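Note that chain A is present in both complexes that follow, paired respectively with chain B and with chain C.
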Partner chain A sequence: MSETRAVKLPTGGIRALPALPRLNLAPWLYLAPALITIVVWTYLPLIEAFQLSFYQWNMLPTSPKRFVGLANYAHLLTLPEMHAALANTAIYILGLFPMSVIIPLAVAIFTQDLKGPMRNVYRTLIFVPMIIAPVVAAIVWRWLLNEDHGLVNVALDTLGLHRIGFLQDPNFALATLIWITGWKLIGFSTLLFSAANASINPSYVEAARMDGASRCQIIRDIRLPLLSPTILLLSMMTVLFGAQWSFTYINVLTGGGPLKSTTNIFYLLWDYGFGSLSVGWSSAAGMIAFAGFTMIAFFCLRLMKRCSVYDN
Partner chain B sequence: MFRRHCLKLMLAGSAFALSSGFAQAQMAASIDKPVTITFYNYNLASASAGADATRDLLREFMEANPNITVKGVPVPSNEILSRVQADIVAGQQPDVAQLVFRDLIYIANDLGANALEVMVPPFELAKQFEGMIPQGIDLGKVDNKTYGLAYTFSTPILYYNADLFRKAGLDPDKPPRTWSEVKAYGEAINKATGKHGFFPGAYGPVDGTFVYQAIAMSNGGNVRDGNKLTFADAEGLEAVQMLRSMVDSGAHARIDVGSHQDTMASGNLGMFLYTSAVQSSLLKSAKGKFDLRVAAMPGFGEKPTRPTNSGSALFVFSKDPAKRRAAYELLKFLTSKQAYTVITTKIGYLPLRLDIVDDPKYLAGWVAENPMIRPNLEQLSRLTPNVAFPGPNYRQVEKMMMDGVREAVFGKGDAAAVLKAAQQDAQRLMPR
Partner chain C sequence: MASIRISSLHKVYGKTPAVRGVDLSIGTGEFVVILGPSGCGKSTLLRMIAGLEDITSGVVAIDDVIVNDLEPGDRGCAMVFQNYALYPHMSVSENIGYSLKVAGVARAERDEKIRRVATLLGLDTFLDRRPAQLSGGQRQRVAMGRAMIRSPRVFLFDEPLSNLDAKLRLQMRLEIKRLHRELGSTSIFVTHDQLEAMTLADRLVVMNGGKIEQVGTPQEIYRRPASLFVADFLGSPPMNFIPAVIDDEGKAVCADGLRPCPDLIWDLEPGAEVRIGVRPGDLQIVGRSARGALPFEVEMVEDLGTENHLHGTTTGLRMTAVLATGEAVPDHPFAVLIPESAVHLFRERDGARIDPRSVSRIH
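Up next, the complex of A and B:
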C-alpha cells in the first residue's frame, strides 16, 4: 500500500524521493544518443543559422561578423533570383510527383501479378538507376542530351524532328532536370510500393475474388486504400525533399542556369554559402525555406492522419 | 556546443598564428633542415597536360633542393579559394597556393597572404622581378604591395575551325579581325554548314569573368570605377548589345555554357574565344579530325583590343620562417626561365619572361615549330589587368554582374534594361 502511495504522490513524503530519479532517468538515458545527435546536428545548427541570418560574415574567423538586422532578408526578398528559385522549387515538386508516386505505384501493382523470375528481372531493371552514383548519372545524361552529338538528339534528327537543347534551352532545362531526378527516384519508390503491396494480407484479396470482384475493383477498393499510408508517405517525402534531390544534377549540369531556369531554393542557399561565401544570405535563405517547409510538413502530417487507411 | 567550441578554438588558433606571423615578418636566410611545404594547385587537379607538367616541375624542384619537400594539393580552380580558406580555418595553414586574380583583394586583406615586399629582402626581390613583364607583376599588387607573384597567364585568343571556314566559303587564312567580321563569318558558317558560328567562353561556371571583361574593355568599357559599378554604362553596354545582336542573328551560338570547349573540340563550332591554356587539349582533340587554327582576339572597329588575363598568381601563406624560405624558393623556381619553358610548351600558358622567347636555349626552337603561340605573345603587350571586386560581398557582385550579362545576351528582355537592373542590384552590395 505504502509503495503505491509513494508513486501516486511523488512530491509528498521524504521516503518516496530516492525512487524518483531512478524511475525518470532510465528512459532519458535510452533516449540520450538520439536526443544528443538530433540536438547537436539539427537544433544547434538551426539556432546558429537563425543567428547568422542577421549578420554579414564570410565564415573567416579573422574577419568580423557585422550585425545587419533584417537586411539579408530584405535583400533576398527583392532579388528576382529568389523569386525564380521559389517558383522553380514548386515546379520541381509538382513535376516529380508522377515519377515518385504515380508511375512507381502502377509498376508495383502490375508487377505484383507477374510470376517467376520475370518479376525480379523487371524490378531489378527499374531499380538500377537508383544505385548509380548521382554525379556519374548526371554526366552520362549530359552526353546523351548534348545538342550536337548526344544520342538522344541524333535519334530525334534521324526521326526528322528538331534537335532540342535539353540543357541550354531555358524552356526545356527545368523539365530535363526534373526527368533526371525522377528517373533516379522511380526505383526507390517502386521498391517501397512493392514491399507495401506484398504485405497486404492475401486473404482480403481472396475474399474479394470469391465475392466476384474484378481485378480493377480489387485494386480500387482493396489495394489502393491499404497502400494509402505509403502513398501519403511518398507524397510527403516528394513535397518536402523533392527539390533537394535535384541538387546534384543542378550543380553538375546547369549551375542553376540557363537564365536561372533550373535554380531552386536549395541550390541558391548552397550557392550563397559556398559559392560566394556569404553565410548571412545563405542562412536567411535557409530560414525562409525552413519556415515554408515547416508549414507544409505540418499540413501534410494532418492530411496523412486524416486520410490514411490502416489494416486493423 | 562542440561546434561552437571548435570555432572558438579555431579563432584563437588563427589569432595566435596571425600575431606570431607579425612577430616574424622575415623569412629564414637559408634552409639547413628538411622542411615540408604544401602547394595548392589547380593544374594538378585537371586531367590534362597541365597536371603532368606541374608534377614534372615539382620533381625537378625537389631534386635541386633536397631539403625541401613539396606536397602538392590538387583542387579544381573554381573550388581552390574555398579550400584554402577552409584549411586556414581548420588550422592547416597552407604554404603556397595558386589562386586566380578575381579573389586578389580578398586574399590580401582577409586571408592574410604575405606581401613579398615585407617577406623578402629588397635586393632578392629586385633580382626576381628582373626580366619578368611589368604588366604581369602589377597584376598581383594590392596597395602597391605584391601579394601574388604572376605565375600562369593567358589571354583570350580566337580558335577557329578552318574546315568550317572553307565549307562556308570563307578564307581560313583571313580570320576575322573585328566583331562585325565575326558576326558576318558566324552567320555564314551557321547558314552554310548548320554548325554553330561563334561562342565565347564567357558565361560558364568555371570561366570567371576575364573573357567578358576583355570584350567590354576592348570597347573602352570597364566593370567598375572605384566602388561604383559601371558595367552597364555606355561602352560596356554596347559590347553586350553587340553579343546580343549576334545571338539574335544566329552568328553567336546558344549552346550549353558549361561544355563550349567540348563543342569546339568535336568540330561543331566555327569560332571560339577562350583562354590559350586549353590550346594543347584542343589541338589534341582536333588532330586528324579538323584543321584548328588561332588568331588574336577581335576588336571593335579600329580600336586596339585590350585583352585581360586569365590565369593565376602564387601566394605565400606560411608563417614559419623556414617554410617561408622554402615557399619563396619554390616561387623563384616556378617563375624561372626554365620553368616557363615547360609551362609554355607543355601547358600553353604564356612565358612571363619574354627574353626566353627568342633564346635558342629555351623557347626559340619551339616557337618556330608552333607559331600558334604568336597571337597570344603579341597580345601580351596590350595586357590589361582583370578587374577584381572589393568588399565582403565581392563574389555576389561578380555573380550578379555575370547573371545580368547572361540574361542580357541570351534572354528575351531588352539588354540595356536587364544590365542596368543588375548593376543597380549589385551596387547595393559594394562597399561605400
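Up next, the complex of A and C:
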C-alpha cells in the first residue's frame, strides 16, 4: 500500500496533462536509472555474448563474423584446458570456504566477549586486509612470497625448511592464490558474522543459560541456528563469486600459470576474449559459466528460503 | 522447593549502584512479589538470584547453600522473561523441552513430560508451532511451560504479564496463582503493577532506589505503610498528603491553623515538620462546621462505574475523595473528615512513619 501511494504522489502534475491519459509514468521514471544501467551493462552484453557464442570472430571491426553453430561449444567441452579450468573453479570455491565462512564464523563467535582495547586490536587486525586495494595486496604478497628474497622463504630458510616457489611451483600456486583471495575476504565475512551475532537477542542466550545449556550447547543450539541466514548468504556468495574474486590475483600474479595450474573459468574466458581474441570461444565459455552459476544460484536461493528462521 | 536467603547484596554497574544492600529471607513455598518504580533495581536483584548478573558484594543462598559462583543452570531456578525469550527457531515442544534435552533426558521421557506440562497449560494443540505463530497469551504460557518442566526449586518472574492486554493479564494472573497453589514452588515475582502485587503476593517487598523500603503482607503494607514513599507508591488513586507542623501539645496543625485530627498526639518535638496522609477512600463527607473538618472544593468528578472520584482542593492543596456510586455527591458546600483510624503521619525529615500516642496505646 504505502509503496503505491509513495510513487503516485508526484504524478499529480503529470496526470493533469491530456497527452498522458492513464499511463502512470512516475514509477518508471524513478526506476529508469537502475533499469537502463542493468539493461545496458548486463542484459544487452549477455544477449550479444549469446549471439557471439555461435560465431567465429577476432574482434576486428573489419573482419567478417562467420556463423559456426554449436561448434564453439563442442570444441570447448572437449578442450582439456577447459576441463582444468572448471576443476580449478571448483577448487577455488571449496578452498575459499574455510576463509570466507568457517574461520570468520568462529572468530566472530569466540571474540564476542572481548572488551575495551583488545576488541579494537583484534578488529583492526582482522579488517585491515579488507581495505587494501586488491592489486596492492597482490603486489605485497608477491614480494612476501618471492622465491629468492621473500620474507616467507627467508623464514622457511631459517627454520631449516626448503624454499617454496609459491607462485612458480604448479603444486603450490593454486593454494597460494586461494590463500590470498581468502585473506582478503576474512575481514568482510567476520564483519558480517559479528554484526549478525551481536544482533542476536541476549535474552535467548540467558534463557538457554537458565535451561542449563553449556557454552558449547548455546553456540550449537542457539547461536548457529540464529546465524544460519548469514551463514547461507556468505556460503552462497562464496559459491557464486569466489572464483571471480580471485581474478585480480591470477591476472597480476600468475597469468593463469604455471602450466595453467591457476586458471579458472573466468580467467579462461577473459584470456580467450582479450588474450587470443577468439570472441566465439570466449562467449561460449561465458555462456557455460552463466548457465552453471544461474542453476547454482537458483538452488541456493531455494535453500535459503527453506532454512532461514525469522526472529521477531 | 527451597528457601532463599539474601544478605547485604550489592550491585554496581561501573559507577552506578543498582542494588544497594538488600537483606531478604524467603521461606519455602512462599510467593514473594517485588514491587517498585522503574529503575529501582528489581530486575537486577532478580537476575542476581538467577545467576545472570554478577554479584558485586553480598550473598545469595538457596537452601542454605551459597550460590554466588554457581552457573544459572545449576541453581535450580527457572525464569520467565518479560519478552518471553522463546527460541524463535524451535517449535513449542522443543522450547519447552530444551532444558531436558540439554540435561540428556531420553526422548521418550522428554516427550511424556512435555505433553504433561502442555496439557496443564492448555498448549496441547500448539506443540508443533513456532513462537512466531502464537498469540501473546500463548507465548506467555509456553514461557511458563519452559520454566515448569524441570520442576525448579525456585520460579523467577520478571514482569511476565506486562506485554498482555488487561483482560489476558487478569486471566494469566489467576493462572499463575493456581499453578503456584498446585506446584507450591517458591516464587519471586517482579512487577511495577500494584494490582498484580496485591493479589499475587504472600509477602510483598517494596523497593526504591536499590533498597528495600518495606516487607510485609500486602494488607500490612497497604494499611500501615512504613514510609512516605510506600504510602505514596501504593494505592490508586494515591494517598492524599497534607503538610503540617507539630505544636507544643504534640498535635498536628496545618495551614490556616486547621487541626485535621484534633485528638491525636504524637511524640515529636514541637515544630517538627510532618505530612498527614489519608487514603481517598477513607475520607468522610461531613458538614463544614464539624470538628476537625477540612473544607473541600470539588473541581471534577470522575465516575468509574463502581465509585466516584472527587478531585478538588482543601486549604489550597489537591485532594481526592472516593465515594461509592450509591452515595450522592453533595451539591452544597461540604468538608471532609479524616477518621482517627485512617491517619498516617510521616516525618518530613526522613519520611518515616510515626504513630500517634493514643493509637499506639490501643495497638
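Assume the second predicted complex is superposed on the first by the 278 of 312 C-alpha atoms of A that agree within 3 Å, B and C clash if a C-alpha of one lies under 4 Å from a C-alpha of the other, contacts with A are read in each partner's own complex, and residues count from 1 in each chain.
Following the convention adopted for this analysis, a residue touches a chain if its C-beta (ideal position, glycine included) is under 8 Å from a C-beta of that chain, and two chains touch if they have at least 3 such contacts.
All values derive from a computational prediction rather than experimental measurement.
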Partners on chain A (chain B, chain C) - clash or fit: fit
Winner by number of chain A residues touched, once chain B and chain C are compared: B
First (chain B), second (chain C), both or neither touched by A:28: neither
Partner chain(s) touched by A:225 [first = chain B, second = chain C, both, neither]: second
Partner chain(s) touched by A:255 [first = chain B, second = chain C, both, neither]: first
Contacts of A:204 with chain B and chain C, given as first, second, both or neither: second
Partner chain in contact with A:212 - chain B first, chain C second, else both or neither: second
Minimum Cα separation, chain C to chain B, after superposition on A (Å): 48
Touching residues (chain side chain C, partner chain A) in the complex: 50-52, 71-74, 77-79, 81, 83, 85-89, 98-99, 102-103, 132, 146, 150
Touch list for chain A against partner chain C, complex: 201, 203-204, 206-214, 217, 221-222, 225-226, 228, 309-312
Chain B residues touching chain A - in the complex, by the definition given at the top: 1-4, 7, 10-11, 14-15, 18, 82, 85, 88-89, 110-112, 195-196, 204-205, 254-259, 262-263, 266, 268, 392-393, 395-396, 398-399, 403, 406-407, 410-411, 425, 428-429
Residues on chain A engaged by chain B in the complex (per definition of touch): 40, 44-45, 48, 56, 58-63, 66, 75, 79, 81, 142, 146-149, 165, 167-170, 253-255, 257-260, 271-272, 274-278, 281
